[in-house]
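Take this structure first; my questions come after.
Chain naming follows the written order as A, B, C and D, and within any one chain the residues start at number 1.
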C-alpha cells in the first residue's frame, strides 16, 4: 500500500506510521518530497483493513497496490483458463451458446426447445428448477422434477445442462443433474454458498451481482477458487443504474476489463440484462462483438404463455436467426460459433 | 394495471388486449380519448408479469397500480407496528439503540463494551459471530463461541442480543442465542433464507441490499411476513452510487418514504453506511432527526486493534457523547431515547 | 395521466380530484374497482406538474401517460430521420464514421489525421477548439485557430467538420467553420444554449449527459426541435454508475431503446464512454453490432504526446484495422460502412 | 503520483517510465519489493493526464496523490471560510436560512413570502427569474421583472437576495439585482460560465451536479476560485441513483466529507433533493443535524397554485414550525439559527 502523509505531518507522526506498518509485516520505503512524505509499504498480506492505517494521525490517504484477489488474477495465471466439460470447451476459440427456458415447465416443452437450440449450435441447455423470484406470490420453480426434465432433454440432444443452485441445502440434489452450477446475481456474495462450491469440483458459472463492482465480482470468484475449485466462469447480466427503461444496464465494457484482469472465461446474459425480447437480440450481437466467451439466452417455444420471464424469452425462430448473425460477427473478431 | 395503447392502435388490437386481460381475471374499464385508448384493468392478482401485456401488438406502455407487496403495506396495517421483545419496544415512542462490536472477539471485550453502551442507554447488543467478508482471506468470525459470549454479555447487562444469520443451516444454532436475527445486506434477496425465516416466530432485522430499491426491500420483507412471521424491522445501511468517498451512500430520505408506505419499524446503520468513524457520528444524528425508529452502531473498546471494521467503530466515550447529542435531537422530533 | 386513489378514499375526495383535473382541461374517465377508484385523465397538456395532483388528499399515485416530448417521438414522425449534409447522410443505410483528434493542436497533425481517417472511410472530421476540461489548469483548446485548422483539413479531404460549442457567445464563431455543432455531455441540459441552437438551422449532435435518463435526453432534443431546427442527432457517450474501472459505463442498450422511442439518428462515442484506448476498440465493434447509426472516435497521429485525452485516442493504424472489422459487423446487421 | 509496475516488468521498462516522469518534471523515488517495483513521482503539476503514464509498457496502475484542486482544499486554507455579505455571515456559528418561492411570480406573493420567512429567521430570500426547466413547454420564469420583485421584497425585509444565473449573457443583469449568484446543478460543469464568475467579485452558490462526485464539485469551485473570486459556497441538492421514489438521493454524508476536504461553506437544498413537501421537512432537520452551514428551502404562500415546483414548496406555517424544530437541533450540534 501507499501511505500519503498530510502536508505538514510531523516527523513523529511519520515514525508512528512506519512502526505500525513494520509491525504488520510490511517492508517500508520512504519518499520525502518538498511538501509531502509518501510511504510505500510492500508485502503480500491481503487481509489488512486499509482504513486502520488511514485513521492514524497525520495520514491523508492510503492507496492499495496489491489487488485483493490472487487466484482470479491474470498475474497468477497468465493464460486464458479453458474449462473442458465433456466435449465442450468454455473460454476457447469457439463461443459457447447456452440457451433454454427461464424455468423448466414440463418435459415436452423442454425437449422441444432443446432440440431447436441444439440444431442452431447451442451446446449447453439452461433451465431453472429453483427460481429466485422477487415476489413470494410468483411461480417458484418445479424443483427436482424440473432438474429431471432438464437432464433428459440435455442428454437426448447431447448438450450439457446448467441450472441455478440457490442454497447449500440444494447443492447435492442439483449437482446430481447438471454439468454446471449457476450462482445467481442475488447470491453473488452469499459467501457461505461460495465456500461450499469451492469444496466441490463442479464447474460454476458466477453471475455478477447488480451492485457488484468488477473487483467484488472477482473476489467472489476468489472464494470458490480458494477452496480448490478452479472451474469458474463469470457471467455479466446487468448492473443497477439510474436508467430504468431497461431492467438493468448491461455493462458490456466489463468484458474487456475482466479479460485483462483475469484469466477466467466471461459470458454475457442479455436476457436478464435487458428484460425485453426486442433488446435481447441487439445486445447479444454486441456481446459477441465485444469479445465475450459465450452467451446465455432465454429461449422458449411459447414465450407468451411462459410461467416466468416470457417477455424476455426469444421465440425459437428468433434464436435461429440470431445465431446466423452471431456467426458473422464472431468471424469479425476471429472466433467461431 | 393501466394499459396505454399506441396512438393509432386499431380496434381489433384493442379487443385482443381486452380479451387477454379478462382471461387473466381482470375487470376492464376503457377510456377513449381523441388520440388514444387507455384501459384500466382492476383486480387483485399480484403474480402477473406486466411485460407479457406490454409486448402485445398495439400496446405502448403498461403501468402497475397495485403495489406488489400487501402485508408490508400501510394500507393493510394502518397503524405502526411495534415489536415487543422482553422489555424493549421497537417502533414506538422510544428510539432504540443497538450497539456493540462488529465481530465478537472474546468474552472480556464484549462484556466491557456491553456494560459501557448499556449504561449509555443502548438496549440491544450487536455482535457478529458469522461474518460475511468480501475476502476469503479475512477473519470470518468466531462461530458458536461468539454467540455464547454475546449472550453472556447481553444477559449480564439486561440487553437483548442481535446477530447475523448467513445461511439456513445456521438458523437453529443462532436462534438459540439471540433475540433478533439479522439478515445482512448481501442476503436481502436470499429468498430461500427469507422463506425459512418466515416459518420462525423470531424477530428479524432485514437490512437493505446495496442495489435494492425501496420496493425490492419491502418485497423481501413480504417474503418473511407471508410465512406468518410478523415481527420484521427494516434497517437502511447505504446504497451503491457513483460517489465513493464514503463506502456507500446512506439514503436517509428512505426513512420518511418507508414510514409512509409501510407500517414496519425502520432503523439506520450509519456504521456500514459510511464506513468511517468520523462520518458515523453526524449521520447518526441525522438519522434521529429524519425520524428513524432506532440506530445500529458499531462500538468497540479498542477500535484500533479490532479484528474487523475497526475503522468504522466508535470508541466507548464517543458513543457516550453521541447519545447525549441524540437525546436533544430526539426531543426536537417528539421522541425519547 | 392516471390517478390512483387510496383504497378508502371517500367519494368527496374523488370529486375534488375530478374537479381539479377538469379545471386543468382534462377529460376524465372513472373506473371503480372493488377497493379502488382509478381516474384516467386524457388531454394534450405537457406542462402540468403531476406532483400537484399527487399531493391532493386521498390520492395514492399519479402516473403519466403522455410522453413529455412530442417532436422527438416516433409517434410524431414514424420514419427514421435522415440528416443530409452535403454528400453525407446520417441515419440512413450507411453507418457514419466521425473521427479525429480530441483537441485540434496544429494544422499539420490535423491534416495528417484527416487524410488517414478519410482514406479509411470516415466522412466527418472531429476536433475540439473550445474544450470543457474538469480542471481549470488543463489545456483549454486553441479557439478560432483550432477551428481554422479543422476546416482546412476537412476541406482538403472532402470531409464534414464537427466541433463543440460550449456557450451561446461562441455560436456565431463556431458556426462559421463547422457543418455540425456538438453539444457536450456537461451541457446537455444547458437549456439557454439549446434554445439558441433551436433558432439556427445548423445540424446538431447532442451528447447524452452523464446523469441523463433517456427521457431527459429526448427532452433536451425537444428543446432544439421546438425551435424549428429538425436536424438533431443523438450521441451516447456513457453514464455515471458505481463501476469505475471504466471512466463511464457506455449504455449500449440505450441505442435500441432510443431507436424505438424516437426517429432521430443515434451515434456512439466509445472514446469518452470508456476512456481507455484498449476498451475503445471492442466497444466500437459492439456499437455497430447493436445498431448505432454512426460512431465518433478519437484518433491521433501521436496519442502519446496529445494535449488532451491521448490515452483514449487510437493510433492511425488501429483505426484502419478497426474499420476493417466494423465493415464485417455492419454486414451482419444489414448496413454498410 | 504512484506508479505500480507489473510483477515481471523488465528493468528496461522501469527505466523508460522513470525517464518519462523526469521529463515531465517529477522527482522520482523507487521502491523495489520482492515481486514488484513501485515508483513515487513527487511534484506540483496538476495538469498531467495520468492515463498517459498508465498506458506505458509494463505499468500496472497509476495512482494520483496530489488532489487535483488546490485553492478549494483545506490544506491551502486550514480555517473555515466565512463569507460576509452585509450583515449576514455564511459558514460561521449561525446556520443560514435561505427561503422563498421556486419562481418569482409577482410582487405581492413575493413580499408576502419574504415577510413571513424573515420573521421566522431566514436572512436570504431565494426566487428564480430565469428557470432551467426540463420541458421547453413549461414556465420559464419572469426574467428581469422577477429580479425586480425579488430585490424589492428583500430590501423591504432586510434580507439578501439570491437567484440563478443560467448563462454568461444574463450575468450583468442578474448581478444588478442580487447579492448572491446561484449556479444550478445542470450548469455545475458549464466551465465557460464558471470562468466568467471567477472574474466577478460577487458571492457564488454552486450547486452540486446530479452526476458530480465530490471531487468534480470541488474542481468546479476551483474554476471560480482560480479566477480570484474567493466567495464561493457549495450546496448539496441530491445525486442521481437507481432509487426513484425520491426525485434524487440527497447525499447528506457529503456534508462531513466536504467539511473535511475543503474550507468552503456547505449548504443543503432539501426541496430539490427530495421533490416532495412531506420529505423536505425531515431532510431539513437531518441537514442541520449533520452539520450543514445553511439550508435553502422553497416556501410559497399558495403552493397549490405555484407556477413551478409547488409540490416541493412548504406552506408558510410549515416553515415556521420547521424553524422551531431546527433551532433545537442546532443547539445539539453547538450552532444557532
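Keep this in mind: contacts are C-beta pairs under 8 Å (C-beta built on N, C-alpha and C of every residue); 3 or more make two chains touch, one makes a residue touch a chain.
What you see is a predicted model; the values in this text were computed from it and never measured.
Enquirer: Of all the other chains, whose mean CA position lies farthest from chain D?
Expert: Chain A.
Enquirer: Is the number of contacting C-beta pairs greater for B-D or for A-D?
Expert: B-D
Enquirer: Provide the C-alpha centroid distance between chain B and chain D, rounded to the nearest whole angstrom.
Expert: The answer is 31 Å.
Enquirer: Just the number, please: Cα centre separation of chain A and chain B in whole Å.
Expert: Chain centroid spacing, chain A to chain B, equals 26 Å.
Enquirer: How far is the middle of chain A from the middle of chain D, if each middle is the mean of its Cα atoms, in Å?
Expert: Their C-alpha centroids are separated by 38 Å.
Enquirer: Residues of chain A touching 2+ other chains?
Expert: 211, 239-242, 244
Enquirer: Residue numbers of chain A touching chain C in their complex, please.
Expert: My answer: residues 211, 213-215, 239, 241-246, 249-257, 260, 273-274, 278-279, 282-283, 285-291, 325, 328-329, 331-333.
Enquirer: Spell out the residues on chain B that touch chain C in their complex, using ranges where they run on.
Expert: Touching chain C from chain B are residues 2, 4, 6-7, 27, 29, 31, 33-34, 36, 38, 40, 42-44, 61, 63, 65, 75, 240-242, 244.
Enquirer: Please name which positions on chain B make contact with chain A in the complex.
Expert: Residue list for chain B touching chain A: 46-47, 49, 51-52, 54-55, 68, 130, 132-139, 166-170, 186-187, 189-193, 195, 209-211, 216, 219, 222-223, 226, 239-240, 275-277, 304, 308-312.
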